[in-house]
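Chain naming follows the written order as A, B, C, D and E, and within any one chain the residues start at number 1.
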Amino acid sequence: MSVLKRLWPALVGIFSILGLWQVLVVVTGVPGYVLPSPLSVLHAFASHQQLLWHHAGITVIEIVAGLLIGCISGLGTALALARFHGLRRTLLPILLISQAVPLFALAPILMLWLGYGMTAKIVMATLIIYFPVASTCYDGLRQTPQGWLDLAQTLGADRRRRLLRIQLPAALPALASGMRMAASAAPIGAVIGEWVGSSQGLGYLMLNANARMQVDLMFAALLILVTFGVALYFTTDAVMRRLMPWHEDRTGATS
Amino acid sequence: MSVLKRLWPALVGIFSILGLWQVLVVVTGVPGYVLPSPLSVLHAFASHQQLLWHHAGITVIEIVAGLLIGCISGLGTALALARFHGLRRTLLPILLISQAVPLFALAPILMLWLGYGMTAKIVMATLIIYFPVASTCYDGLRQTPQGWLDLAQTLGADRRRRLLRIQLPAALPALASGMRMAASAAPIGAVIGEWVGSSQGLGYLMLNANARMQVDLMFAALLILVTFGVALYFTTDAVMRRLMPWHEDRTGATS
Amino acid sequence: MTSLGFSLSQARLAFSGQWLFDGLSATFAPGSWTGLLGRSGSGKSSLLRMIADLPIPDTHALTLTTDDQRPLAGRLAWMAQQDQLLPWRKVIDNVLLGPALRGHPSAAQRQHAMTLLDDVGLRDKAEQWPKTLSGGQRQRVALARTLFEDAPVVLMDEPFSAVDAITRLELHELAARLLAGRTVLLVTHDPLEALRLSDRILILGGQPALLSDFEVPHGQRPRALDAPDVQRMQSQLVARLHSAPHANIEGSTP
Amino acid sequence: MTSLGFSLSQARLAFSGQWLFDGLSATFAPGSWTGLLGRSGSGKSSLLRMIADLPIPDTHALTLTTDDQRPLAGRLAWMAQQDQLLPWRKVIDNVLLGPALRGHPSAAQRQHAMTLLDDVGLRDKAEQWPKTLSGGQRQRVALARTLFEDAPVVLMDEPFSAVDAITRLELHELAARLLAGRTVLLVTHDPLEALRLSDRILILGGQPALLSDFEVPHGQRPRALDAPDVQRMQSQLVARLHSAPHANIEGSTP
Amino acid sequence: LALVLIASGPAWAADDDDTTETTSLKVMLDWYTNPSHAPLVIAQQRGFFEQHGLDVELISPADPSVPPKLVAAGKIDMAISYQPQLHLQVDQGLPLVRVGTLIATPLNITLVRADSDIESMQDLAGKSIGYSVGGVEEVLLNTMLEHNGVAPDDVEMVNVNFALTPALIGEKVDAVTGAFRNFELAQMAQEGVKGRAFYIEEEGVPTYDELIFIANRDTLDAHREAYTRFMAAIEEATAWIINHPDEGWKAFKASDPALDTPVNKKAWYNTIPRFALRPAALDGRRYEAFESFLLERGQIKAKSPLSRLAVDLSQP
């Protein structure tokens, strides 16, 4: 029940978007090859189910793997930056630069390095998640209230334990914010990867459908992708909340 | 001097990357169409200066406009979400979904509506910035310590003033984190826009060069873009710090 | 400003199924000062929050009636146990928080806030950030902010706990002067303070807790510390507090 | 554990160019309790921070010598003016913060922490989150955390300010019992508390501030409150505090 | 429809000599400017458009699937597209029609490294083949494979998104299909790798027009005479290029300094023989044959009449 209750506003949102979209299509009379109506998308969805689920399975694996690796390495980087002062001066600008590089400009080249298999897509999804997570975590780790740091000092904590037992828990709310955002961005990374080189996955399917002007099929694939992105957001939100039973987040991301 | 001192670690980072890259190219003997050496990129940079600056000028306008509009509308959305409870239930999922949609799947539609002029690109950059800012700001606005909210209540603040005078300043550190991240993502938005349809701008130049296998020219354009992204990050950081003279951010994003 | 009395009844509060108190009632006469004492954790701060209509996570209820039958909201000043200064407002702007949250502080209000800061001995800190203040200084700014509100009903939760003995006495004088005619409910842990400032002393104690009255010395507030009945009553009050039923702390014989 | 004395000299501190104190020195005998009094903002907390070698934003210097010539770091417990409980650790885990920051708390340490919580009257709150505690309960947890450290040198900044009179007396007993033989520096605003617990009283006052001694009653700590010289000396101490040079607060005659 | 075409005929005839008023046309290329677009660039550069009373704006997209949509939506007047895709688009209901031809032969080839062991298309069995998704690559390749006795399931097709040459010379794939014979071969040579090409029309695929001009069928009549003038300008530009190839290259690279690369220069000369000499002329047989081919292969749902696919502007 509580899961349903959490998902409920999301469902309302999705359906209100669908309604708006249908109205938009009807009112503006925009042709189907530009923007298909939700009904025709649903129809495409129903008639291509098997195809869609097959490709969706692949993309989901890429997304989840990318999200996990991206979050873990982002968090790791943030911890390393907070832990080692020397590292910060060199690693931080590199991090920044890596973020400023438009990924898909590099995507073709990445593909040449990593081949057209799943690895490349996971790397893309990872890269897209990595920076926001590293950046928000690091921002969070830097803003520990002084009083707690003082306490750690007089209690004889070494830098490592201070980081893990004081700074990290104190940064959890900031971290949750970053992870939530990363979760909803993860599908984009995988799809870019599939666009640039692949023979499977929702991105590939979308590209193919687009080239054949099967715009309704493309939107059906998009629908799966978006649903998955949103689901990932709420899952991440729930996980982070579970990690912070002490935290009072009054209004909640989901309510 | 202080500006130089701030930029100094960034410069070190950039040059260490360049060095590593040159070594990598020389050692692995990777061909120029896969990864050009920094020297050949510099050469391309020098020999196409006029071309590059011309396109850079256009992209910079798109980025800055997109960043400003994205930040303002993102902040506005977050404030509206925090202000109006009813809005939250419907707007938040829509926001989420809009983030989960791979933007350039929608790019052709945007182009149809907005034409292939600069507007479309500014809209793309705006959209890419909009969500992270809205999301982090909203997260920040929700986490005002209860004591301050109690104070606002007994002092007879209306919801609007409570939001602007209590919740907003309390969220500034979270907001700064979001804006910094958005700043370094802004160039990506503009480039995606240019990717879809334009005859000007660095994104156009890059993809064009890539299609012609002038990978050195592509990297020269990338270099400008990245430099600009990093500069934007530090500018945003400086602006946000100026907005929070009371805030103790001990280690600083730049040190 | 006319004084405003109020009374509460049926006050009940439980945390995780256990009643802290149930069925409390009390009347606060217009312009009277009431000292509220009680063991740590007996529910004093919670009672103040309930009167101020502030959110409380668990089961609670309270019937509050003012003498003029109109709601208390907007006619009440509340000083919390923590100072709650806003780090992004300079000291003077923290004092001016009330007017800033209701509109724009006028020049006259600014002037008045400055006078109050002077009263609490912090005129020279007016333009500093709160983070540069000592614990006692922060509490004095919070006091100035509360005094600024000039409300007919004032709830204060241990308002002088962080200042030294001398400053405390001076602040007693100041509060008595500026809050004359206001209906004040003052939570304190210092029996002497209660005896010095109250028209009436209430003790919250028991399981679930009840409010019981304690007789106060004669004479005008603030009473001199060396008045004989103040000294005498202090020992009685401490004895009374001690006898109030409460989970005992190990090894206690003062 | 053998007692550890220490002395400080050349202590100086300025904020934004103004000297709070300059050239302070004091000796703290092994196992002695020193009460530190002074007006709000005189620099007591800052002095404690300097002794604990905690960061201070502005100009400061201090020469600290321990009796055994080895650094104080690691042999010192510090209880701040704010409770600084970690919201993500349950009450018991906050008491166990020291061992958790130096390794892993053992079962015996957990047992001991539980005993301490029992001592401060919070055994039944051990598994709760800090946000469910009242102000005085939070302070008692912070006290338990400090007592747990069992350090030879203990710095306490107004450790009993948020608890009621009875609990305070009980905590005095507890602290005296558990910190016997430790060298304790206790900042307090309550003259009676200082007289009850100190072997020696130091008053920080003046502009720039100096440390001056105040005579303490005879007898073993903790002294009974109704001992005649405690009562007598209280008035003397208040008078002395009052006469200490300090920016006057308007309208003050206690 | 025929009625409408007839009705609009005389209007165009009357306007033919009167080129005093200028018509603006937005024309979208299929991809970034390259030597295949030479007639457009030269017509612009040397004023042929102007002489025909046209003010033409050339726009490049980064995604070849975009221009047809923009034409169908009426956002631009004309676009360059590919004949095979046109059939799919019309089948999906896009109101598009071919109004001219830019390159009148297939450019499509399947390309392997000359130093590989793939001597003929038979050897592709068990290999990986890169392509960029255009909509018909799969069916074209499958036809070629079947023609050579290879089962389509025996090859692995990989979308490499326009990075055909790098994927091939980087040996990430064994072959690429959908490469252009005028361009990719030159590009490989530039990187010092020789290529071996298999020509699509020699491997069992009906021949077709590679690059065509498409316009919106619904608004064709309103623009008919402008498009006719446009084709005349293209025709003149093509003739001029064939007559003056070297001067033409200079004019071409002058239009955008980024075009001045050795590969483009080589491609320039490779492309010249492939331009349609009579851009407006329509070979209806090609369209019907390819339509049948696609229908047979299950790529379209139904056959469209020729008039819905292509028009000859000069034939009312």
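The rule is simple: contacts are C-beta pairs under 8 Å (C-beta built on N, C-alpha and C of every residue); 3 or more make two chains touch, one makes a residue touch a chain.
Please read these numbers as outputs of a predicted model, since none were measured by experiment.
Listed here as common contacts of chain A and chain C: B, D. Per-pair counts of C-beta contacts peak for the chains A-B. Chain C and chain E have centres, each the mean of its CA atoms, that are 84 Å apart.
Chain C and chain D, compared by their mean Cα positions, are separated by 26 Å.
Annotation: 17 Å between the Cα-based centres of chain A and chain B. Taking each chain's centre as the average of its CA atoms, chain A and chain E sit 39 Å apart. Residues of chain E in contact with two or more other chains: 65, 69, 73, 162, 166, 170. Multi-chain contact residues of chain A (touching two or more other chains): 30, 34, 108, 112, 146, 248. In chain D, the positions touching at least two other chains are 82.
Remark: the chains found to touch one another pair up as A-B, A-D, A-E, B-C, B-E, C-D. Touching chain B in their complex are the following residues of chain A: 9-14, 16-17, 30, 34-35, 85, 88-94, 96-97, 99-106, 108-109, 112-113, 131-132, 135-136, 139-140, 142-143, 146, 173-174, 176-177, 180-181, 184-185, 187-188, 191-192, 203, 206, 218, 222, 225-226, 228-230, 233, 248-253, 255. Chain contact summary for the complex, chain C toward chain D: residues 15, 37-41, 45-46, 81-82, 118-121, 132-137, 140, 158, 161-174, 177, 189-191, 224-226, 235, 238, 241-242, 246-254.
Residues of chain C touching chain B in their complex: 49, 52-55, 73-74, 76-78, 80, 82, 84, 86-88, 97-98, 100-102, 129-131, 149.
Contacts from chain B toward chain E in the complex involve residues 31, 33-34, 48, 50-51, 108, 111-112, 115-116, 194-197, 199, 204-205, 207-209, 211-214, 217. Across the interface of their complex, chain C is touched by residues 146-148, 150-157, 161-162, 165-166, 169-170, 172, 244-248 of chain B.
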